[in-house]
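Paired with chain B in one complex and with chain C in the other, chain A is shared by the two complexes that follow.
== the complex of A and B ==
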């Protein structure tokens, strides 16, 4: 609504010969995002980190599973910048390889949670009545069981691999999104353009996807960003308890699995994977904060 | 008000009922029965002995019957018998509860004492260095895996500086107040960290919202000192939503306790949960999860009631 008014004003100003550029929504958002310095720095850092992790086979100094019994438990040095573990494996190499899995788990689990949450929330909000009632009671139910203990129990059933972790985390992290989306849809669906679309004979599915969801995309995107960080942290917590992705595949989480035992003698094995998680999640959350400001039409 | 509380309490019943079905189903989905732990260890066990063991634990009956037996017993306060210790689950939880409550209670108080002033000052001095540092610190706190923060504390304060004991609740044979305090500092710091970060940010934004209100401007223009306006008019109003969030978080502290107690060898319910998971002690797992869920549901109600009670603008209907 606001955008339309601005556009009309811009056009009338332009008609009066005053040089006003029409700016698209995406461009406005992009310019606002660039003003959030921390978010910009975080984005650059993350891009670099992701690039390094995914190019690990090319740039990593060693093989991630190369056991070197002559060099076990070595403190950081020139040969092994971040030291080696109990099997003499290079920590930096494993961090790079581990990042691929951890970041992928974070992204996909958050995506899954967001998609499920958006679907449930939009169906509940759009159709209302008993559908809404049923789905929201389901959401209440899922909210009422403490998530972490639940995830812990389910992951303890099998030797989990990355896909299993993604499914478990993703399927238990949709509730917040569902509630936010439902609330947003309840307010959006009263707008005239939704009534107009319905009057023109548009089907429900089309109305939701084409007219309603784009108008609430900001809350979905911000929620999804925060979900990435949460998923990375949950994966590491599960791994710490010995329930994450099984070795030898390194993830930042399972590199911390035995850290409590080795911490006093080889602290670098604990410090560096934790720092990797901390920095990544911090950057993701800063980006989320920047997106929130950039996507908020009232700022 | 009373009618509202009664109505909400009655609404809790079907929810708790549904929760019990979900928890029971998930535990039932576990591969391998309680005998799995024996088989995992590679022991040879006579199949007849396994059958007898299963019959003794009552897991040889049809699932639906098992559920209703469990539910029926639960309604009388009986959470079943632990596979591991053969003792009532209820007693085991009750035994561990004081240590968990002590840890959760201290963490809650510490978090509230730190988070609220932090949020207030951040908002009053918006965009100051203080605000910047506080906001930055809360971002870092939220981005940290809780267990890793615990490990770092252990590394610096126990291994390096040797100021604080690594784990446990007290030193055997010492056990005075100072000794107990030394033991609880790190676990409480770990458990309260996320709350401090979350609540202070919430308090900050709530304060910022209130500080722009007309009644604050009125209070200023009446000539009241800045201190009075902030402490009497602003903080009071800004705390209403924060108090409600804090109440909701009490139940969430329990999830944190699972990890915190495990790292610090704290003999509470959270650590018992992890031990029960490793031992596949299903009645104990179900009992603890039921207890955790009940806490969430109850504190949800408490939060809503407190909110309605503190904020006269909210109607009870």
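== the complex of A and C ==
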């Protein structure tokens, strides 16, 4: 065995070899994902939605802030496919523009929260002892801070652009993930394949990335998909308080909030933004489902 | 016979205590899992380590591999005390010492293919090796453990317990080790499969000149595979001798009781010789008894046994025992 080992010196060849293996593993996962019909349909729908939203300036029938006082609160018609709001602005247009911000905030804030939560949770769960104690007390502390007042304070000092809101929501939504990940790791790290990896001299980082995290991917994916919905809703609460993205720039959240008073008389003002949020969250959930199945070799 | 052989491992006064429970206001209690054991291992031998569940035999095996940091004692591997090595220095020894686990289900990562599992040791110790070489090497290893080389692209859940155990053995062999701790490698397997796995382990030992620390509680299997046998009770070795010596002339009352408890596959004999189980329970390793640990259950216990711990010493040539009355 030692002879073959010393023979092989070509590092670039080795790097290439690793690439091949990664691709083939990814290929297996990808093929399995494609078999999950609902997840594939959801992905296509979400891609379409994102494309439409980001192409809004090209395809939207009106300007998002074009006020038309002759046509306020009109029901859906041919001229205004989804109707108009209290200032006569075209709802479809605003929905498309609003999606840009809502989807971006939803996905990136959830991603940020998940990454931070997974890192903190896995370090706490894997290393245990005082590291665990320290990080979990920190998590409790972050949990016990009432998020909304803090966000209000922070955002009153900062210029709340979409990026600021992503950071604020992301950095205050990692606690749930951290706890779930820590708990899952506590049980996974007792498996003997983790001991086997240690007996082989694997470094902790390798053990966490290769042996522990893949086996708790379910909890992480569930947390992330829930996070997307939460982030979109949190953004709407912030908008409602006037701390989110400021009008006239539309987001699904602030459109939903604006329509509260007229929910019974002009239901389309509530239904369409609500549907947009619902469909996005639903799609993300289905994609998460498909991803879980694709990553699990036993299915 | 063993005297002229080279010592591979010398274990001296090895202790491993775990602290459990405890919090901000109460002191944790100390589980004395391994409480001072001494033995040597020779190149190419199989030392059977037997004892009841919870007597510390697995902990002993894992502490020797430095999977647990020992509380006290020395582990000399080829004369080097590996208990004192840093994590980085230890990596070189990880290639020489490996472990085979009891549970073939929890010992293989369900998310990795068999090829990735077996070639992991190579990616850690020989990162310069190309992927193709690693796959080829994994295939060779699979053949060594009598499995089909085409299994490299399959996942662990597609295999039976015996096959999984052989995959685990292949992983341990990947680094070309000298010494393997076999942590009850057959006790989770069907009897017919046990024989296959044990035969495989014996073949591999002969071919690769391996040294086994064979942890088990199946005394007949231990007799079959071991050259010498050590009996553990509550974190201490109570008796150690050559296989035939210990099975035919056991000295320690605990060893005698264990040997009497081996079931005989003969209903007529079993009916006329009912098994006499030991009275009482194993004391808690948190609060072991004073004196000889076996004294509360020992049918021959005298006052001195309750007061003074017996010395573990060579009572006959190559026959070690810890008892006041041997």
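Side notes on the structure shown:
Definition applied: the second predicted complex is superposed on the first by the 189 of 299 C-alpha atoms of A that agree within 3 Å, B and C clash if a C-alpha of one lies under 4 Å from a C-alpha of the other, contacts with A are read in each partner's own complex, and residues count from 1 in each chain.
To be clear about the criterion, a residue touches a chain if its C-beta (ideal position, glycine included) is under 8 Å from a C-beta of that chain, and two chains touch if they have at least 3 such contacts.
Note that the structure is predicted; figures quoted are calculated from it, not measured.
Applying the stated contact rule after C-alpha superposition, one finds that A:236 touches chain B and leaves chain C untouched.
Of the two partner chains placed by superposition, only chain C is touched by A:206; chain B is not. In the superposition on chain A, A:198 makes contact with chain C only, while chain B stays out of contact range. In the superposition on chain A, contact is made by A:215 with chain C only, not with chain B. Of the two partner chains placed by the overlay, only chain B lies in contact with A:143; chain C stays clear of it.
Of the two partner chains placed by the overlay, only chain B lies in contact with A:278; chain C stays clear of it. No residue of chain A lies in contact with both chain B in one complex and chain C in the other.
Those residues of chain A lying in contact with chain C across their complex are 1-2, 4-5, 8-11, 13-14, 16-18, 20-21, 25, 191-193, 195-202, 206, 210-211, 214-215, 295-298.
By the touch criterion given at the top, residues 15, 18-19, 22-23, 26-27, 29-31, 139-140, 142-148, 151-152, 154-155, 159, 251-252, 254-255, 258-259, 262-263, 273-274, 277-278, 285, 288-289, 292-293, 296-297, 300 of chain B touch chain A in their complex. Partner chain B is touched in their complex by these residues of chain A: 137, 140-141, 143-150, 152-154, 156-158, 229, 233, 236-237, 240-241, 256, 259-260, 263-264, 267, 270-271, 274, 277-279, 281-282, 285-286, 289. Within the complex formed with chain A, the chain C residues making contact are 62, 65, 67, 90-91, 94-95, 97-99, 101-103, 106-113, 116-117, 120-121, 124-134, 137, 155, 157, 168, 171, 175-176.
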